[in-house]
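Just so it is clear, A, B and C label the chains in written order, and each chain counts residues from 1 on its own.
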């Protein structure tokens, strides 16, 4: 299957800082491609390079099988994007903004088409209102409508849930899923929110300090058979010693931030719990995780990263 | 001694005689001019002052006896030297209260003229001295030089044509002295300097106004309101 | 690019700020016209105080042509601010609003987008000047009537025949358009370097003010750099109102005293425009957009 986006050894240097370092990944047709990394990991820089806002220092970007540096015009005609904040012309109405960007994208849609687009993002009733009266969520939805107005094949959304309330986040999630399932679009979504990405992405790339940590399908990364457990007891040190001398020792991972970490099968959790009780270990908490958060934790071995992700 | 007194008497009576002759000549010229009660003339006026750039403009001139004079530029702006100088014949000959002195002869152009100096009798008159160069055969003034208290000395040259019988010239050149002209650049908002040569050229001290009359309408009656 | 130009104009003329400039000009011209209508005689007496001592000037000095000259003289110093309001906001304003990155992800090349933006600010500038011409010249002619144009320069006085004035105004307005386009180009150039509008607007005005002061001060050191300052050439529109005279000091109708001066100034301004626009685009073409 031909990749929609193929990035090879992409590097961007700002003075001495390597914001993106030898990054390679590929996006397949129909993917909701989750682009995950903490703030400053290089997500936005990479996305901006995909959109020609930033010139790469090195590396190659191919989109729709064409070189981005050589076929910028043809490629960008097929991309719709919302980059960070959905900024539009505040002194224009939602309808005028949409019409203006449609023209910029080289199309002359009818009023009906434009209204349909606004309907899709739930803004048809506010079409004539100037954007300065809009909430952040409404602006975000208008941004999506603008990204979609020229019916692009690839949609790039950089932190689309930024600044949204819970309802807004849920709406955005549903919109992205419907873009993929209903409209058969390929979507690249970047976020620092693990919970968001894991709910929508079919494939995921995690980057840190400009480097790829892991890339794979959600199924691969969310392997249910391998669950990470965080254990908190009345005396973690002695509990760790007991466990390291038991049959569970091969599941045991080094203590991180004072917590005992084990990687066990989901079905073994009750047995493990019984074992703890039998050894008179007072369990305060036994927290199973099966998300990217733990995956990320495994790779970076740094709780602080997880905290950063949770903010 | 008697000889001396005789000579003085002869000189004085000769002078008095000459003065009378001069006076008579002036009166004759005046009488000729008096035949014109009023006139309207059309002409072209050219202002030639070093620091004034103005186009040649059409003017209309109105005169009514004894000394009403008005110059009107046809719809344009005209610049004339100040000091009550009316460019007309009668203004050159003081209406009354003057003394005429014979000052010999001179040639103006190709014409022999009689030079007569006019001195006002009163001390507070603006005109201090007026010198007329009178063409005796035609009884017209060819040139005049007038010194005033307020406006300095100015000169008029007259060239006659078909209206010589009325003593009215076809062309009058009025020459006068000018002061330096300068305005601060802050007012005119000019940034660059003009070159030195042009600057020098602009400093000319003599100004001229030249009127070429093309048409006279004489004694057709002019309303007083024309001069208001 | 024409489509983009249309879009840029659409944006410009949907902003309240744009009309602020037109309103400001209307108010300024209105105030000048009112002032001169009420107290014009005193104004001319003040300016002509020295001259009037030796000469009497007959005719309607306070005519429409003269009023327009006064308006241009006073206004063209301030119009750069109104132009900077739009031109210096062209890129920086979009960067500030966040729309720049959206704009640049469209398929048009950056050069196309930037040229469209510059052309839009030039059109705005021209419309502003046309507005000045309508109010300053045409309305003044209606209010004050016509007559010869009487101008007092620092070293001499010029009287331009009324029939010889109108084409000079056409020339002067064309030249003013070039001068104001230079201001637009400067503002446009400076707008590449900031992500807020205020900075480039203030910077544009500061450059103009400093250069104008240098152009005005008659100090030998400054005189050396004066010919290279665009502000020295922005006032050359006045040269349209000076004509040649023949040996008899008679005005030659339809002539210009120093046409070479106008050509030289126009070339200097065009050169500045090219440097500002090409320099700005060259800089911005490879610039990473991080806003």
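FYI, contacts are C-beta pairs under 8 Å (C-beta built on N, C-alpha and C of every residue); 3 or more make two chains touch, one makes a residue touch a chain.
Just so we're clear, the structure is a prediction, and the values are computed from it rather than from any experiment.
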Graph class of chain-chain contacts, one of line, ring, star, complete, other: line
Of all other chains, the one whose Cα centre sits farthest from chain A: B
Most centrally placed chain - per-chain CA mean versus overall CA mean: C
Between chain B and chain C, centroid-to-centroid distance (C-alpha), Å: 48
Inter-centroid spacing, chain C versus chain A (mean Cα positions, whole Å): 52
Inter-centroid spacing, chain B versus chain A (mean Cα positions, whole Å): 100
For chain B, residues contacting two or more additional chains: none
Interface hub residues of chain C, defined as touching at least two other chains: none
Touching two or more other chains - residues of chain A: none
Partner chain B, residues of chain C touching it in the complex: 47, 50-61, 73, 77, 147-148, 150, 152-162, 164, 215-216, 218, 226, 231-232, 235, 238, 242-243, 245, 248-251, 253
Touch list for chain C against partner chain A, complex: 3-4, 6-7, 10-11, 14-16, 97-99, 101-109, 286, 288-290
Contact set on chain A toward chain C in their complex: 14, 48, 51-55, 72-74, 76-77, 79, 81, 83-85, 87-92, 96, 100-101, 103-106, 146
Parts of chain B lying in touch with chain C, wherever the complex brings them together: 46, 48-57, 71-73, 75-82, 178-179, 181-185, 187-194, 198-199, 202
